[in-house]
């Protein structure tokens, strides 16, 4: 479970910045991009001072911090941009619920980026925090996965609108990328579900249950992370007119539409999985029924026959019964029983 | 699952038009109808220029594009009518959630048309996009199925109101036709459910489970496509007074009413199917119970008798017991056991 | 399922009147009642002209059409009272969702009347359409059952307020009668459920499952027909002040209250039935458990004993064992096993 | 089920007063209390005239009618206080949904009072109707149980605020008493559930199912009677300022709070019971699994051994096999099988 | 179950203060802290007079009463601060639903504090009541657990903002501490669920069911106590501007956010547990299926063989059959059966 370790935080005064994920020894990398009048400058921050707000008016600085375990760096970067201490506290505390908060200096968004290892079918996720204001976008990610590489790639192209459209559009682009990846993961989940479906009724093994349960649980956390995003996208359109230009609205509507579609897919898959479990249970019962019928048919035919042969094995030479009569009765008994089972549709 | 292949789209700038369904080699066919002062002209577009807006004022042009895999054609047609790039991106991207969008030049509606092969009970569906404005209706469908043939048929009749009622009425007619087909499909699903019901308790086979599961899943996707249509119909009445004449409102209310009824039917069938599964599980348990009773009765009667006969088969000539006594005890034992089972209502 | 046959209607222009129920050869009967200044005149319409609006001002004419399969008659009657074509289309199309529609000339209400054959426990239902305006009430029913006979009976009494209270009160009386019959049906369903409950845990047979399933399904359709009535009753009070006198409001509130109670009962019964199914499944499992214990106890005691006796039946005269020792070991074994089962509370 | 017998009422004109519970021969008792300037007069009504409104201005008369099967008395009492005929019809018609209605002369409240026989665990309930106006409170109960005795007791104490606080406070006191008894009943239900829980997994008997089902059903009706009370309490605060003094509001808020708590408890218990049923089903399956393992282990070990001994019992003196070899093979076989079962964790 | 013993309270006038938890002989301890101009004074109240409101203007007094079984003390303390009698009644009556109430002199909040014994996995909880006004915070707890010790610890630090931020901030701190402990408890519950998950499909024992059921029930009560807190936090921000400073709002928003997260976690765990139960049931069925197959395979192979050997054991020397033929038929039969089982994938 990805919720953080709260026992360390109980009773601390609000605003105490503690990293609650697992400690990592890896170094924090900060990638910076500056846009100004259609020009772009890209570099890796050598020292923390490289993250300071842009000097020129009208410029846009995107500071992307990879790794939030170094709490000091997070605090320092946020200080440069006047981010409220309570927000600064949230960034390294992984396990946040997706939300959006208005600040005097900008808007704070936290959500979860998902990814999937296509080989092992393991779903991974990490917390991404984005703060954007008049002339800056700060983004923080937990792991070192290159989740924003495609954005960086696009930004490198001259004439790319991202260079001139301001911080709200850049934020949209980041969010859109994360949401699009939800689709990729869900699409793969859909494939797995389809594979399971094919095997469902024929061969239900314990391993299948394991896989069903894994997907069920994944969809559960997935859903916990996608539902609040609806409100995030709505609020972003509605409540932050100071920071979001009207021209960005159509993109945000599109983003909202994508989030709704992800939600829909998650719900559909959840119901699919629940339905599969019911079907699975029914088919196991069904197969058990078949097994029991075989056992019952075999026992019911052979146990009386065994008794009969056993009777004639007793040490009473005078036991009544002609030789061929026994055989006849046995055969008759077998035929009658088989007929009865046939009638009950057991065989 | 009919969602599209998003892995190709992750990270592309918004407005990049990509066809996300399976690639088809079939050629795109464009059927055009022009209405003017009660007259109608119908032709198949030879070149893309045939799709240009009507020249005469007061005319209405309906351009129906069959096949969206040729992205270039879609883009070209949309350009003629000033459709927003984000919308143009949605048309060939199959797997859209039903929705309605207002444009400066008109209204964009996307939904799913359903059909059913009555022989094989296979439900098919495809995405239909409709854009309508002052003097035009554009419609796009994925497959080459003649879903709008009945409309075309009606339009060929002189005095048909479709010729004079404008683009909003034509759009209504297209939507109404699609919704009416939902009823046809659901009606057939209802028949299948009734067939299943008849077999439900008597003969539950694994094949039955398969059929139940198929319907359950179909209703699940069905529902995902019909629910958002409620809002589409509502918004069409409420929010687009610039493009929808008051005289069309009564038809839209009727459309809305039909959508509600489809939704109702889907929900009812879903609950029916869920109920059937419970009943099925219970009846399998029930039948297993019957099987077990037979096995238990047979075993309980014959196993002790076999022991007895076996005892007398031992090589001790002195074993106590008179000949007829054994027979008597055996019979008594059998009678007592049968009586006990009778009492417990097992036989 | 009572939804109508839509395949016949796909693609027809709106307003095309088609009867969608099963065709009936029975003749349509039209019963007319006219009220004027406390007087009442009652007759069976000989020709369609008898259904024309009343000649005298202040009179109220109630035209009750029994049988909607003759589409021509329905159309004719509606024409006399200026009913909108889309409404006229709905009346013979059975399978409508309960709804209320405002017309320029009056109000259109469609709902389902329920009845139950007390002998065979079979629930029947039919669509009833009511249109009322300034000086008329039109009612249409599918079957020839005398559902409105009690109203007719009351109207025959002199001084009955129905004679003077106008069309809205008469409509209320018709609706109230239909809703009251819901209670009668539900009361009987309640009795059936109680009967089932008594048998539930003791003797679960497959037939019981059949009955549970039948009720479950009936409640499902029942619910589909009662839920929308809430809104019908609400709208009748709220939206049609032109056609409903304030003095009728208290009666409509009462009607609404009854509808809520029906809804409540349906929901309660639905949950009851669902609960019964769970209990049923548990009790089948329980009984199977009992059966299995008997089988296991018998097998566990007798199979080893049979082995022992079989060993002594082998053709080795030298097989070690004293005569009474065998008996002792057998008895000891039996006692130990019985003790073990006792401890595990199996016997 | 406590719904009333509607078949008697279908088609009667509204306002026809019919008692729908079981007929009782017991006599109706009417207990009257009059409060005036802190003084209290208490008597049992000899004749119906004793129930007339108080003569003195500023006095408050509480008429408590025990038994509603005598419809004439109910009607008479209500006439004295101008209660609307539709309300008068509701009072003896047991099976009402809890509701509140505004009258010109006062407020009508109907709800259900619950009680529980602590010995037999049987829950009883009856309908209580309360009408209060400027200077009167009328209350009607079905049975002769002394549900309002504690109120009467308190009213006998001098200086009790009930004597001076007016009819709204007295009504609050009556309602509060009824709601408090819900807690008593629920508390006992909670005890029963706890008892069931202790037995749940160890010894699941059919009797247990019976008890679970009884509680489940009780909670279902309970819920049907408590849910609408929320609205009753809300409306009493909000909509009847003419009859409810501001000083009573804080008490009504407290009442509302209690109702919410009852609702919460009912929902929690319902979920508890549902959860218990799942656990029960699982534990039955579990125990069956254990039983089956024993059967399988015993059969798998002894049936092959029996075959072997039977083989040596055949009448072929030349059958290959040394004497001790047979014993060795048998022991080896047994050991191997036991080892296998051990490995599969069956024993 | 933690609801209180209502049978003692039925019929008492409102405002009667009764302690409804179990009686305790322990003495009540009252810890007092006074803040004034950044200074702090801390002492244990010797006599009840020590709890009187602060003498100096601008001071803040926090009276923390440990133990609510001494109703007299609670009443006395509340009298000093003009707390309404209905509120005073609620404080010692444990089993309250979390709620917030506005008073003329302040705000009353009641909620439940949770804790968990990490060794025994037992979840404990107790009712905490907080009343705060212009210059005071009163807090009441049931047990003697030092739940507020961390707050006291922080308050002892000079320059701690709690000393100067007023009663609303102190109340926030108390609430925040309680909510943070919810996370600690839930985190541990999450660990237990993970442990259960590992064992789920492999080894389902009855003990596991017990643990699942315990967690399920705990989450049920947990949820009952956390849901209403959402409204408490919302109302605290919205409705009590007289008592809550704007600067405290951001902290309350943070508190609300935490409550939402707790709610989310509880819901997710609840669904997890429900899913586990389904999986568990399926896996038990699965394993039973395996067991049954073994039994059936063994029986089906050996029972016919035993019959055959038994036949040759009969006392008819002339029984047809060559010696090696029997062996051959036996082996053939076994091979055929094994092949059949193989085909059906049973072995």
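By written order: A, B, C, D and E. Residues from 1 in each chain.
The definition used in the following text is that contacts are C-beta pairs under 8 Å (C-beta built on N, C-alpha and C of every residue); 3 or more make two chains touch, one makes a residue touch a chain.
Because the structure is a prediction, the values reported are computed rather than measured.
> Kindly list the shared contact partners of chain B and chain E, in label order.
Touching chain B as well as chain E, we find A.
> Degrees of rotation, nearest 5, to put the Cα trace of chain A on chain D?
145
> Measuring centre to centre with CA averages, how many angstrom lie between chain D and chain E?
The answer is 26 Å.
> Using Cα averages as centroids, what's the distance between chain B and chain D in whole Å?
43
> For chain A, write out the residues touching at least two other chains, lowest number first.
Within chain A, the residues that touch at least two other chains are 281, 285, 287-288, 292, 295, 299, 303, 306, 310, 313-315.
> Along chain B, where are the residues that touch chain C in the complex?
150-151, 153-154, 160-162, 176-177, 180-181, 183-184, 186-187, 190, 193-194, 197, 200-202, 250-251, 254, 257, 260-261, 264-265, 268, 271-272, 275-276, 278-279, 281-283, 285-289, 292-293, 295-296, 299-300, 303-304, 306-307, 310-311, 313-316, 318, 345-346
> Show me the residue ranges of chain C that touch chain B in the complex, using the header's touch definition.
Touch list, chain C to chain B: 1, 3, 5-7, 9-11, 13-14, 84, 86, 96-97, 99, 203-206, 209-210, 212-213, 216-217, 220-221, 224, 277, 280-281, 284-285, 287-288, 291-292, 294-295, 298-299, 302-303, 305-306, 309-310, 312-315, 317, 323.
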